[in-house]
């Protein structure tokens, strides 16, 4: 996992690849669930673009302490970065809820301050013109 | 007596240390699982059922096996989580036994793990006692008083009460306690996966450390460890094909007693004398009965008891029927329980040297099984036929007991 | 597999905010179950509890429930998934032949904590938990969208199922009083607050305090205890991968595997025809449908047809009658048992012979368990 | 030292293992956001008794176990006990320990913590010893007497602490030791 965070520090997606079936995991993990083979030996760098696989417009935000209703709903999407075989959860920014659709192309938005933390990925925004 | 005879074919460990900061929880568990599967020399797809458990609140992660599933060979496989506090490992071992014994599943992987460096164990342990903290002020229990009453920390607090009572009963001295520690830490140095390895420690060294809570000293107390352990079960027929020496589990019991020291809703605690341990005796009786053992002190060759604190090791070997009451300190003095003694106890160093809570109670039967197989790193010189692994947890009210042997329990039915 | 009998059961009436301490609630359930079977405490040989340390706010949550659970000096253990998983462990213990009578209880009190917030602790701490976007609502919303898109199911259809469940709950005397609304319409459901689009508030169950207990016994023993036992003839359990991005949310692979295993053991070839009652534990109405489809009770994507015919879907109201974590799976079993024993006054399905009851744990029903239950006497 | 003699390296006191440290992410568990329920109305007689200066235990009619403080459920019989019995103010030490917790002021002196078994009861309660008692004089089986708080509020700790009583068995023991 360390390499993933190091990659985030440099504004890059580092994914791991299963040594047996070649599946690419983002976020990376040590073991591939399908073949129980090591998946943390080969790493690949992935582009900043991806596809929205699924999404929901959330009116609630739940933290470890409590749940609260949001004034402005946020869009939570499952984004599959190009080249990866798994989707990761992230916010979709700069778009109206009504315009959302599955299969949309998106590009990453990095946080203002990069700390090598999952929150460095502020979200994804749609690629203009589409 | 079980309808299907379960057998242990291998047990695996991860490396144990106080802070396994190089791995996350899933990767740590994966180490033990891989070690276990490798030793058994089977394919991970042959595993039919996965049972695991840890002490949840110590890591701040609820039901971590949900997200760890892929790392422990559990994708698209049945999975069960069993947790009972300190005895988690033992309970998981027993659950693995039952999964095979029921005849529903053939090959079962049981896993116990703990990464205590992720969370604050002291808070976790205190919340055993202080969980109901918010109702205390309602009934006039002020915080200052509570701190002094329970301030020593729940597990240590409980153990020191136990130590006082045991010492009053058996006239054991602090030196006797230190002797147990020395034996454990020296044994630990010879086992590859253990945490506190002190090959040259002496009784004086132990007695030199300050008190934490009378009569327990800093040097006598178990460490907080990160680690994982896994056991692979299968049926008798299959085990014969796979393993050279399969270890048959013949008796299991996990008896619950009333909690000591504390009780629900601030009531009085049911165990008046915390070293009396009726639950342990009952549990031993049940497990020995299932395994057909009538004279445990004669028939059992090797014992692993769960003893984070030295006084407990002395107490448990008595309560589990291995020594006469109050005779354990003398046995330790005479070297009966040493590595080359008549009845070796805790040759892996015991919980006193390595305490990864969720895994500890499983490491006991796992290590005992390795001794029977002859694969332990600190293998005892004599041949081990029958061995026993034990665990305690909760507010000294849960006891787990696993009796195993190199021959299956005969079924005359 | 040999048959395992359910010889006694008891469910404490759910309450939004029960004024009882946890041990007292468990005591009520355990005592009630023993009384319903006409047994004594000394008859029990093993006790399996289902509590969760996080739902209880303290570690080793079963340590102080030994007295209340009737586990003093008994072989005791605790399962930390759902009540239905605890029952599986009970089945193991009975089938092994070591035990003759197993008490299974489940307990939790969502009035003491925020269930949604505590569920965040179940997430992968290395990514999802720190990002903290995933929760029961958003997972439910995404699952529902995936289902609707894949099978072209409209929102109204799912709302109809929700209405059906809520109306069923109104007939069920052991449902949460606040959840019982016999006058509800599809419009009400659609107009209720949107939690996470397209998930509506009335498609999401109400959390409540509750405890439930069942008693299991081997075949011979069961017939001695009661004339009317309900048999567990098959059980299957399976866990899917955790990562939502890797799963097809519109179906449930784990339930399929679990159900196939259970049907194989029970000797059921065509669940659509042979099963009369389906008590499904889904976190949302949509999940009920997905799980029912995966359990082979109807064609994939055709879950709404269960309202018109085939196995009766959730005659007790399912989770819409009140959801208690750690207990809900047990409640489903109990409701199925009631139907099979003909004790479901007011909502009895006549001629019910075989039933399925499910339990689950994890986001989007990650770990599923399915029981096949058969009526005994009549 | 002769040629060929084996040189024994001294073994270290403690074999330390070191691992590369990886990143840590913060997560929290808020225990304070939990509520714990306890219905006080069930033990009203007990609290009333404390306020008025007498001690009540709860007796299970089925197994005759008396619990103090009252336990609402008798685990041995699985019934709710309902018979209140009056208990004497004397007690014995069932178990004891000393806390060396790092308190601000009392760092040097161990604080004795005792498990008290009220005479006539079958259960143990953790309680405080009176402050001027030396820890070394405490032994298991020591007789005690309850000392009431100055102001009784009908709450759990209206018994402020316990003070030791003279133990008649002590003299016997002394005589035995002399012999």
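Just so it is clear, A, B, C and D label the chains in written order, and each chain counts residues from 1 on its own.
Definition applied: a contact is a pair of C-beta atoms (placed from the backbone, for glycine too) under 8 Å apart; a residue touches a chain by one contact, two chains touch by 3 or more.
Bear in mind that the values here come from a model prediction, so they are computed numbers and not experimental data.
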Mind listing the chains that sit against subunit A and also against subunit D? B, C
Farthest chain from subunit D, going by mean C-alpha coordinates, please. A
Going by the touch criterion at the top, tell me which pair is linked by more C-beta contacts: B-D or A-B. B-D
The distance between the C-alpha centres of subunit B and subunit D, rounded to whole Å, is 25
Please tell me the distance, in whole Å, between the geometric centres of subunit C and subunit D computed from their C-alpha atoms. 41
From the C-alpha centre of subunit A to that of subunit C, how far is it in Å? 33
Touching at least two other chains at once: which residues of subunit D meet that condition? 22, 25, 27-29, 31, 33-38, 71-73, 75
Please list all residues of subunit A that touch 2 or more other chains. 1, 33, 64-66, 117-118
Could you pull out the residues of subunit B that touch at least 2 other chains? 24, 57, 60-61, 69-70, 75, 127, 131-132, 258, 262-265, 270
List of subunit C residues in touch with subunit A within their complex: 114, 116-117, 119-121, 126-138, 141-142, 145-146, 149, 193-199, 241, 243-246, 249
In the complex, go through subunit B and note every residue touching subunit D. 15, 17, 19-24, 57, 60-61, 119, 123, 127, 131-136, 138-142, 145, 147-152, 157, 160-165, 168, 189, 195-201, 205, 210-214, 258, 260-274
Would you tell me which residues of subunit B are touching subunit A in their complex? 24, 26-27, 30, 44-45, 69-71, 73, 75
Sites on subunit D touched by subunit C in the complex: 25-27, 29, 31, 33-39, 42, 71-80
Given the complex, residues on subunit D that touch subunit B span 10-15, 17, 19-22, 24, 27-29, 31-32, 34-38, 40, 47, 67-73, 75, 94-101, 103, 110-111, 113, 115, 117, 121-128, 135, 139-140, 153, 155-158
